[in-house]
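Here the chain labels run A, B and C in written order, and each chain numbers its own residues starting at 1.
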C-alpha cells in the first residue's frame, strides 16, 4: 500500500516540478547573461495562459495531429515517472528497463515528426527531418551509455543500476566518466538545447524542435511544451540515477523520504545551474556539425564501455 | 680516464665554439677538438686491446671489443670530416650561402653531435643510450636546416618528426625492457645497465622482451634508415651541408644500428629463438631491395648516395640478423668500410657540387678534366662502394652473400638483383659525371681531398689485408653478439 | 585506502585517455595547448598518487618534474610562441572528426589487446593502466598524422611523450631517476630547438602550414 502511495507521489511530483526545472534553468541563464529574468515560475504562467486560449487547427489537419500532443505528454510522463527519482522499490519498478526507456523516447519522436509533417508546411517537414537526423545518432549513443552502466551492475534495470551504485560499497568507475560526458552531450541534443538547437529562437536556418511545433496552439501547444519539460526532467533524473544516485530512499522507507526529496532538489538545482552555464558558454553550432557532435558522444560512450572491460571490474 | 676525455673534449669543444665560434679560427679549433677526441679514443683502444673489456664511473660506462671499434671509427671519421669541412665551409661562406653566426652554430653543433654519438656508444645504461640518441637527432636538426632554404627546412622538419616519432617507439621499448629487467634485477638504476642485463638475459620474460624488441627495432630502425621508415634519410642527406651528410651516413646510422644489435643480444638470450634475427633480416632485405630501385631513379647526386646508404645499412642489418660468427664478422667489417667509403664519397661529391653549383647529376660533367683529384676521388670511391675488388666493401659483401647462400638460399637472388641494379645505376651516373664533356671552370679554391684518399686507402687496405689485431677484435665482438 | 587510491589512478588514466581524444578533435590551437597542460596536470597528480601508494620516493620527484616541465614551462613556451608568431586564433580544418575518432577507437582496442598479456604480469597496482598508456601514445601518433600545421604536430609529439611517461609509471613505478632527468632534458632542448625552427619556417614560408612543405618527394 505504501509502495503504491509512494509511486503516486513520485508520479505527481515529476509532473508538477517539470516546469519548475525549466524555469530554474532559464532564470540561471538570465542571471548569467546579466538579465533579471522572468522568475522561476514563468513556465507555469505560460502553461496556464496557453490552456486558456482557443485552439486553432489547420483545415487539413488529420486526427493524428490532434492526438499527438496527448501521446507526447503521456509517453514523457511515463518516462519521467518510471525513473527512480525519490525511491527505488516501487510497484512500477520491474518495468523500468533502460532499453524500454529508449523505446518510449523513440515513440514520442516518431509521433511528433509525423505530426510535424501532417500539415504539409515546409517548416514542419524541415524540422522533422532534422529531428530524425539528431535522433538516429543520439539513440545509439544513449543505448551505449546505458550499456556501460548496465555492464557495471549486470542488469539493464534502472532500479538495479541505482541500487548497485547508490547502496553498495563506493567504487570509482572510470568508464562512467566517459559515459557521463557522452550523456551530457546526448541530453543537450535531445532536449533541443544550445549548442545543438536553440529553444528561444525561430531562425529557420537552425531551429529543429521549434520548427516541428510551429502549427500548434493553445492547449495542444501547452501539452507539447509540458511534454518537453517532462523530457528534460526525465533526462536529468536518468543522469542522476546513473551518475550520482546518492540519497535516494530505499524500499518503503518513509523516513528516508525527506532526505531523498532534499537531495533531489539540491541535485536539480545544481544540474539546472550547470546546464545554464554550459549553454551560456557554448555557441550554437551549424546544423551540419551536429552529426559530428553526436558521433563524438557515441564514440565516448563506446570508449566508456571499452574502458570498463579493460579494467575488468 | 680515456673515457672521460673522449666525452669531455667534444663537450667542451661544443661550448667553446658556441661562445667563441665567430672567430676566424673556429674551423681550426673544431678540427683540433676532433683530433683530441680521436687521440683519446686511440688510447682507449690500446687499453682495451691490452686489458680487455672494462667498465668505468660506477658502471655507467662500458667498453668491450664491439663498441670500442665503433668509438675509434666514429672519432676518426669525425676528425677527418672536420678536416674536410674546414675549407669546404669557408668556400660556402665565400659563396654567400652561410653567415658567421650560422657557422658558429654549425661548429658548436658538430662537436655536440660527436659528443652525443660517443655517449650513445659508450654508455652502459640503455636509458641513457636512448637519451643520447634523441639528443643526436636534436643536434642534427639544426644542422640539416643550416642553409635555411625552403627545401632544407622541409627536410629538417621531416627528419625531426619522423625520427622523433621513431625514437619515441624506442623509448617504449626501453620501458618494456626495464619492466622485464626489474622483475629479475630489482628496481633502481642497475636494472637498465647492459652488463647486468647481459648476465641475466636468460631469465628475462620472453613475451615482454619480444614486444620490447619490436618497438626498439622500429624505433632505432627509423634512425638506421630501414625501409619503410627511411623517408627522412634522403631528404636530410640531400639538403644539409655535405660534411653533415657525411657524418650522418658514416656515423649516426652506425650508432643507431649499434643500439639495435645491443638489444638483439638481450632478446636472443631471453627468447632462445631466432625471432629478433628474422625481424632484422626481413627489414634489412626490404631496405636493400627498395633502396636499390629508388636509387636508380634519382637525379640528385646526394640523394642517390643517401639511398645507397639505406641499401648498405639494410645489408648490415641483414648480416647481423643472420647471426653466427661469419655473418657478424662481415657485418662489422661492412660497418667500418661503408662508413669510411661513404664519407669519402660525400667529400668528393661536396666539392663536385660546389664546382658545378648544382646537385643535379645531369649538370655535373667532366670532373676529371677540370679537377682531376675530385674526379678520381669520386670514381674510386664509387667503385669501392659498389663492391669492386680489391676494396674492403667487396670482402664484406662477399662474406655476407656467401653466408646467405649457405644459410638462407632464398635470399640470395634478391640480394644479387638489388646489388646489380645499384651497380648499374651508380656506375653509369658516376661515369658521365666523371668523364663527360664540360665547359665548367676549375674550382677556384684548392679542394680538401686528403681525407678522401686517406679513407679510400684504408678501405683498400682492409680489402687486401685485415691486420690481425683488428680481425681479433671482430672475432671477439662476433662471439659477443653471437 | 590503497584500494581507493588504485581506483583514483584508474580514474586518472581514463581522464588521460579522454584528454587524448579531446586533443584529437580540437580545432583551435589555444585550446589544444590548454588541453596539453591539463594532461600534464592529470599525469602529475596520478604520479603523486602512485608515489603515495607505492612508497617510491623518487616518484615524488618525477611528479614534481612533470608539473614543472609539462604544466608550467612547456605550455608557457607554447603560449609565448603562438603570441610571437601571432597564430593564436588559428583554426584548422581537420580530417573528418568522426572518422578520426573511429580510427582512434580501433587503436584503443588494439592497444588494450597488446597490453593485456603484459598487464597480467605487472605487479604494480596500476597495471591495468598500461593499455591506456599505450592507447594514449597511439592516439597522439594519430593526431600527428592528421594535423597539417606545425604546432599541433609538436603538441602531438609532446603528448606522445606524456603517454610514454605514463606507461613508465604504470608498468614499472617509473624509470631510474637519471634516465628520467635525461628524457626531461631532451624534451626541453627539443622544445627550444623547435621554437627556433618555427621562426625559421615562418620566415621562409610565411606560414606554419605544412602543406607548403611537400616539395620533397619521390616522383
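Everything that follows uses one rule, which is that a contact is a pair of C-beta atoms (placed from the backbone, for glycine too) under 8 Å apart; a residue touches a chain by one contact, two chains touch by 3 or more.
Keep in mind that what you see is a predicted model, and the values were worked out from it rather than measured.
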With chain centres set to the mean of the C-alpha atoms, which chain is at the far end from chain A? B
Chain with the smallest distance from its CA centroid to the overall CA centroid? C
Counting in whole Å, what is the centre-to-centre distance of chain B and chain C, each centre being its mean C-alpha position? 31
Distance from the mean Cα position of chain B to that of chain A, given in whole angstrom: 65
Roughly how far is chain A from chain C, going centre to centre by Cα mean, in whole Å? 36
Where on chain C is chain B touching in the complex? 56, 114, 117-118, 121-122, 134, 137, 141, 144, 150, 153, 157, 160-161, 164, 167-168, 171-173, 175-179, 182-183, 185-186, 189-190, 193-194, 196-197, 200-201, 203-205, 210, 212-216, 218
Would you pull the chain C residues touching chain A in the complex into a rising list? 4, 7-8, 10-11, 13-15, 17-18, 21, 25, 97-98, 101-102, 104-105, 108-109, 112, 128, 131-132
For the complex, which residues does chain A have touching chain C? 171-172, 174-175, 177-178, 181, 291-292, 295-296, 299-300, 302-303, 306-307, 309-312
Could you pull out which chain B residues touch chain C in their complex? 125, 127-128, 130-131, 134-135, 138, 141-142, 145, 148-151, 153-158, 160-161, 164-165, 168, 171-172, 174-176, 178-179, 182-183, 187-189, 191-192, 205, 207-208, 211, 235, 238-239, 294, 297
